[in-house]
Each structure stands twice: as structure tokens, then as C-alpha cells.
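In the two complexes that follow, chain A is the common piece, with chain B as its partner first and chain C second.
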Partner chain A sequence: MKVRKNIATSEEGFLFNPATGDSFSTNSIGAEILQLLKSDMPAMQIVEKICEKYDVDKSLFERDLEEFTLQLKDYNILE
Partner chain B sequence: MEKIRYERPFITKMNAGLMNKFGTKSVNEPVTHIESVSVRNLLSEYGSPLFVISERQIRRNFNNAQRIFKTRYPKVQFAWSYKTNYINAVCKIFHQEGSWAEVVSGFEYKKALGNGVPGNKIIFNGPDKKDEELIMAVKNNSLIHIDHYDELYTLIRLSEEHKLRPRVAIRVNMDTGIYPKWDRFGFNFENGQAWNALTRILNSENLDLVGIHCHIGTFMLAPEAYSIAARNLCELTWSVKERFGKMLQYIDLGGGFPSTNTLKGAYLPGTDTVPSIDQFADAITDVILGYGFHQEELPTLILESGRALIDDAGFLLGTVLATKRLSDGRRATIMDFGLNSLFTSLWYEHKISPAQKLGDQTEEMVMFGPLCMNIDVVRESITMPMLQKGDQVVVHKVGAYNMTQWMQFITLRPNVVLIDEENNTHIIRKAEDLRYIEELEQLPDHLQ
Partner chain C sequence: MKNDDKRKVVIGVTGLNAIDSPGPGVAVIRAIRECKDFDARIIGLSYESLEPGLYMHDLVDKTYQIPYPSAGTDSLLGRLQYIHEKENLNVIIPNFDAELFNFIKLRNVLKKMGIATFMPDIEQFEARDKIKLFEFGKKYDFFVPKDRVIHEFRELASLEAEFEYPMVIKGKFYDAIIANNMDQVEKAYYKILSKWGLPIIVQEFIKGTEINIAALGDGEGNAISVIPMRKLYITEKGKAWAGITLDDENFITLAQKFISATKWRGGCELEVMLSNKGKPYIMEVNPRFPAWIYLTAAAGQNQPASLVKMALGEKPEPFTEYEVGKIFVRYAWDLITDIREFQKISGNGEL
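After this line comes the complex of A and B, so read on.
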């Protein structure tokens, strides 16, 4: 689960794929997860880190993270 | 350390297309209270989903409509359309305000009597009036609006057999330039059928012709259609006066005024496109006042408005059961209410608001009901904040037709709560339970 090397990301949640010209926007938690993914943090650690910071059940966030990463794959942002 | 409020991670592809020239106004302001009562408290006390009706809004709507017509025309009488919402508490509010009852079946007729409406203030419409219902209505001195020749001749026969003198009107259908033309009810104006029916009544010894009625359609968006209808009814009234020397007591223009809901397929929201009641009132009263009747013989104007008086007084509160992503990437939200309770979602793009403050991020979604049926779609496309399981929503303008056309299908019908003018809450129809549903069933011996 790695963010493609050519994807440009900003801390505010703006993404740009220079290969296709597509641009994307995420909400702030999405941007935070993308930064963690870029730093090659494993999914389990991301879950722990986010659940520590945000008011969310682990089981709920695991589902949401899985769905989010599926969307990122759909958009060719993840390898 | 206090944790930050969670919002589901979300990504959207940005489209560099044409801008929407109408802009994208945010319509996601949370609605946390109805009148002054908290949505959260209502749901925790009465369960979810829950229909809520505001008594204050009903009275406001009624008084507004009455003022609009009464400032334009001297004799106006509203008759509450029972089929729009016949929960007794709702009917009683309208009757307290001075509304008569307009009913379209024996069942509704008996409901009106049960609500204390005097027989002579009940208008009996519709194509289905059984002999015993007609006899009851005539004995009660109710106004019987004849729908077809079979009914006319039945009434003549019954009045002879039982020595009765029914007070009657005919329902007239006509071409008012709108589509679809409602010609299945009543007698046609253009082909002379209506005049023939009036003549038949006036020549009968037992029937007392007192008025004339039409109902040109539902959710009418063209006030001009009412001008045409009013003119045609005036023409018939005038002809009756000229040829038979009898002045009819009333002209009943029926109902059909729209609420501000947005019809499916409409380009702009209903709040921007629906004419005001003032426009309908102008269209109708200008014609009658200008037709040439003497001031003292002006017929009473009866109106049978339903939807326009109740729709925005009704709310449906509900809760998110689940969210998921569909195979094409669209977000789907599953609510605990569906087509079975919110029948009008077949016609309207209902406005739905979150009932609590959520994040600023919004997403487009399909909103499904809880039924195990593919057709159970509340909104095919709606932009909402990032809803998650347990979040609560408020569906607006559901007061008309839902609490009569709802179906007991798969799930049970929920509580209906009235918020009175002092903001007290009262259950006015209890949620159904298994016992209620099975009460009418019977098991043959061999299946016991």
C-alpha cells in the first residue's frame, strides 16, 4: 500500500497526478492519512494513530480506512 | 487530551467542467429542533423513524390561506380534504379553525362524523358512494357531489324510495389547458354533459341543486387554469339562474394548490417555482367577482385545499442504519425509513437535513430505505455531509398524503407525534405492533 511516486500531495489535501492530469481533493483526515501512507506507515499503525487522535471506534475506522484505500486505488493514487 | 471530532476520510476527483450558473448553495444547515423541541429528544423518547406534526404551522397555514381569500372575496369556506391526512388530531385542528370536511368514501365520512363535524358541513365527493352511505349522508343533510350518471340515477331512486331531499352539486371536469386532463371524474363541461346533468337534477322533484364543483388536478403550477375553471363554473351557475331562476349557493373549486416540495425532474427547487396562494386566489376571485353576479347573490366560494395547508407542517425524523460504497463508486446511505412510510418520495426530491452539526465536507450519495426491495430509494442523488451510522436526519414537508398512503410493508408504521402550540408533544397515532397487524388474520383449523 504505497502512494505512487509521481503523485504530488499537499498538506491541505490537494493531490495532482502529472501523468494523467487528474487532480483530487480530500478532507483533512484524508490528507493526514495520505501523509502517513507516504511515510510507508503500515495500516495497523495508521489505525492506532488516528484512533488516538480522533473520537472514533477502531472497528469503524478500520472499515473507513479500507474503503478509503480502495478509492485511492480506483483513482490510481496507490500502487 | 480531548479527541478531535471524527469525519470519514474522503477523496473526490475535481472536474474542470462548466460552472453551474445557479451556484451551489449549501443546503446542509443542521435542523436540530422542530419548533422548540429537540430532534434528538424526540427520537430518543418516541423511537426512530418518527413522524412529527407542528400544530402551530397548521394553524399558521390555514389562517394565512383564509386571510388571503377572505380579503379578496366576501364568502369563503374551506373544507379539509380528509384523504390528505385523516389522523383525527389533524382533522380536529382544521375543524377548530372553522374548516368543514371533504370526504371521498364512507370510511372518511364516518371519520368526519366521529370528529364532530355536523352533517351539513360534510362534502361527500368521489366516485364510490354506496347506497347506505348515500342514505346516511342525505339524512344528515350533507352536500353530495355527484360524480357520474349512475350515481345521479341512484340518488333519484333512493330519494323516491326513502322520501328524501338530497342537497346536491355535480362535479364538472373540463379542459383548463393543463396536462393530464382530469376527465375521469364528474361530468364534462365542453361536450354539454355537465349542463345535461344539471338539467336532469333541476327537473327532478326530489333533488335540491345547491352548488357546483370541480377539481381540476393536483399539484397545479398554473394559476390561470383556475381562472378557466372558475369561469366555466360561473357560466354554468349563470345559465342555471337564467333558465331556471335558481341561484346556486356555492361554487366549489376543489383543491390542487401545490406545496413547495420539489417535483422529481424539476429543474429548479419548488421554493423558487411554486406560485403563491395569493396568485391562485387572484385567479379565482377576479373571475367570480367580475362575472356579473349581484353582490347579494354571490355564491360562497368553497375550497378543498389539502396539501398546501399541511405539507410543511409534517416532518419525518430518521436515523442512518449504514453507509456503503456502490460498485460504481457512489456513496450509499441506508436510512431506517423508506418508501413504505415516505410514499411521497416517489413524487418529490424531498429536502433532507442533518439533525446534528457535522463537518463541512459534503458528498453526493444515494439515499436508500431499509426495505429489502430494489425500488426503495428515498433520494436518487442528494448532497449531504459525511453521514455515518447513528446520525439523525429530518425530512421536510411530508405532512400531505404520507400518513394516509403509507404502507404496512416489511416494517411497521411508526409513531406520529404532534407538537402543540405550547411545544408539548403528544402521540396522535401509536406505532404499530405485531398484535395490531395480526388482529385481523384468521388461521383455518387445519393450519392451527
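After this line comes the complex of A and C, so read on.
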């Protein structure tokens, strides 16, 4: 689960795929997850990190993360 | 370098119709004006009195009307001789598909007159014609959509055996209509027939993402510049109203292969459909700069200025870098002029 090398991201959650010209915006938590994905952090660790930082149910967040990463794959953001 | 020290070049440019379906002339001039290597005097060559570029005096120094392409080469040459006497043209950049044939035919005569051009030769020009695109693809091993050239109405009946719906019905110069059934095919046939005449091209519909590539060849097989762009906003006529430069080596390689295979001389635009399976289909090759050509200059590869240099005998090095994610957004602007200006161009054919 890696962010493609050429994808440009900003801390505000703006994504740009220079190969296709597509651009996307995420909310602040999406931006935070993206930064973690960019640092090649495994999904399990992302879950731990986010659940530690925010008051969120672990299984619920795991499902949300899976949905989010599926969407990112669909948009060619993740390899 | 002081402005006075720069080489003075007089350049004739057509395609000043910066309208909703724009010609490339104004964008070509804007790019040339930005080049610091020469001091350009721009001579507009127009067909109609209301082409907006005529009235853009900060871009165009003087405009002359020229005869429509249908008037033939003798008529065009006569007018160009008159303009040349007055202006001492160094270079002409034609920007319309429909006029290119005449300009290519006159290339050697113009050269003798001291007017340089940088266009494909007649074989290159005709090989990439929409009517021959399928053969062209086969010859050079490019993905191209299957097509059939239609010369009369009754041929439409047999299309269903060969093509699935939707089909794309295209005019020989411009226009494309997507048809989902035979009724729509017939309507599209008549609509395009009335505008552009015969033949009409029926093409396989390729689903995918449309990419446009502006490229400049030196005539010896080298691509001096290649800029791929994706349309971000498309008008009802299918024209780009906004677009962005892309970073994808596959498109660069495709354009380089095209230029190398054809030894293309001058500017061109490859209209490519990247199919959902990732195959880049060449849908059309336009034998001149596209209307969005200024984006190449904005991204760091000034194709019109490089074309002028090559027309003047220079051999510029191929560009290697450009800015990815550079966006153009076209806009409409009500240019105000005066009836006296309109009278000059429509009455005297000069402004």
C-alpha cells in the first residue's frame, strides 16, 4: 500500500496526479492518513496511531481506512 | 541585449479567429512575442473582417485579408506577393488545416521570394489525413481506431455489420458526432455532409481518456518539443476551455515515435485516446499547432518561437524539461473597436 512516486500531495490534503492531470481534495484526517501512507507506514500502524490520537472506535476506523485506501487505489493514487 | 540589437523578423500568421472554436494564430503570436531572441513584426493574414486577432493591436502590427483556400494557389500567391512588397515578410506560419495544402504547394515559390515556412511536405500532410489514418497506423505500427470512409448515403446500411455502437461520424476537416443507433448515424451524416461535404469518416468509438499532444519536428526525425495536455473543461463543440500539462513518458515516447517515423517538419497536434486498457490510440493528427499552443511556451517549451528559428535556418536543441501541472483557462473578452477599423479591413482588406 504505497502512494505512487509521482503523486504530489500537500499538507492541506490536495492531491495531484501529474500523469493523468487528476486532482483531488481530502479533509484534514484524510490528509493526515495520506502523509502516513507516504511515509510507507503499514495499515496496522496507521490504525494504532490514529486511534491513539483521536477518540475513535478501532474496528470502525479499520473499515473506514480500508474504504479510503480502496478509493485511492481506484483513483491511481496508491500502487 | 538592447531591443535594437535583436534580429528583426517579419512574420505572417493566419488563424486569427480567436472565437469559441478558436484558430491558433493569436496563441502563436503571443508565444512568439515572448521570445527574447528576436524582435518580431507580426503581419496578420485574415479571411474574415471579424476575426478578433485583427483588432488586437498589441499583438498584431498590421493585417491583410487573403483569399479563401477555395480560390486556389494563384489567387493566394498574388495576394502574398502584394503583401510581401509592402512588408518584406521573412516567415509565414499558416495555422488552418484547410489552407495548408495551398501553402505547401507554394512553399518553393515563397522560398524564392525570400519567405521561409516550416511545414510538412505534401506526402506527410496527406499520409496523416483522417481519410488515411487507419493505413497510416498500420504502416507505422500505431494504435488507431478502425474506420471506414463513406462516399454515399447507401453505404451507411452496411456499417452495422462492421462496427458496434456507438460509432463516431466525422467530417473530413472538422466535427465529430457520436451516434448510438442508425437513426443518429443518418442524421449525423447529413449534418456533417451539409457543412464539410464528402467523404465522411465513420470511426470505431474508443472509450477512455482524451490526451492532446503538441509536438514540433525538425524534418529530420527529431522532436524538438513535446508537451502532453489533458483537457480539464470541454465546450459543447469539444474544444478545450481549460487544460493541464501532464507528466507521462508514454505520451512523450509516442510523439517522438510519430515524428521520427514520419520525419515531420513543423508543428502538429496528436489527439490521443488512452483506452481503459491503457492503449494510446491516435485518433487524429492535426498538421499544425493547436489553439492551446501558448501553454507550451508557458510550460517552458516555446514551440512557435522554435518553429520561427528553424524556418530561419537555425537548429535549436531539443527541449528536455517542461513544467508539469501548468494550467490554461481560456476566457471570453469583449474587445471594443470602432466602425472605422471595421471599415478599413472590410473595405480595403487591410488594417
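The working rule: the second predicted complex is superposed on the first by the 79 of 79 C-alpha atoms of A that agree within 3 Å, B and C clash if a C-alpha of one lies under 4 Å from a C-alpha of the other, contacts with A are read in each partner's own complex, and residues count from 1 in each chain.
Definition applied: contacts are C-beta pairs under 8 Å (C-beta built on N, C-alpha and C of every residue); 3 or more make two chains touch, one makes a residue touch a chain.
This one's a predicted model, so the numbers in the text were calculated from it and none came from an experiment.
Superposition of the two structures on chain A shows chain C fitting alongside chain B with no clash. Of the two partner chains placed by the overlay, only chain C lies in contact with A:19; chain B stays clear of it.
In the superposition on chain A, the chain among chain B and chain C reaching more residues of chain A is B. In the superposed model, A:8 lies in contact with chain C only, and not with chain B. Put simply, the three-chain overlay gives an angle of 90° at chain A, taking C-alpha centres for chain B and chain C and rounding to the nearest 10.
Overlay on chain A (Cα): least separation between chain B and chain C is 6 Å. Only residues 15, 22-30, 33, 52-56, 60-61, 64-65, 67-68, 70-72, 74-75, 77 of chain A touch chain B when the two sit together in their complex. Listed in rising order, the residues of chain A touching chain C in the complex are 6, 8, 16, 18-21.
Looking at the complex, you find that chain C touches chain A at residues 209, 229-230, 232, 243-244, 246-248, 324-325. Note for the complex: chain B touches chain A at residues 3-14, 325, 329, 359, 361, 386, 388-389.
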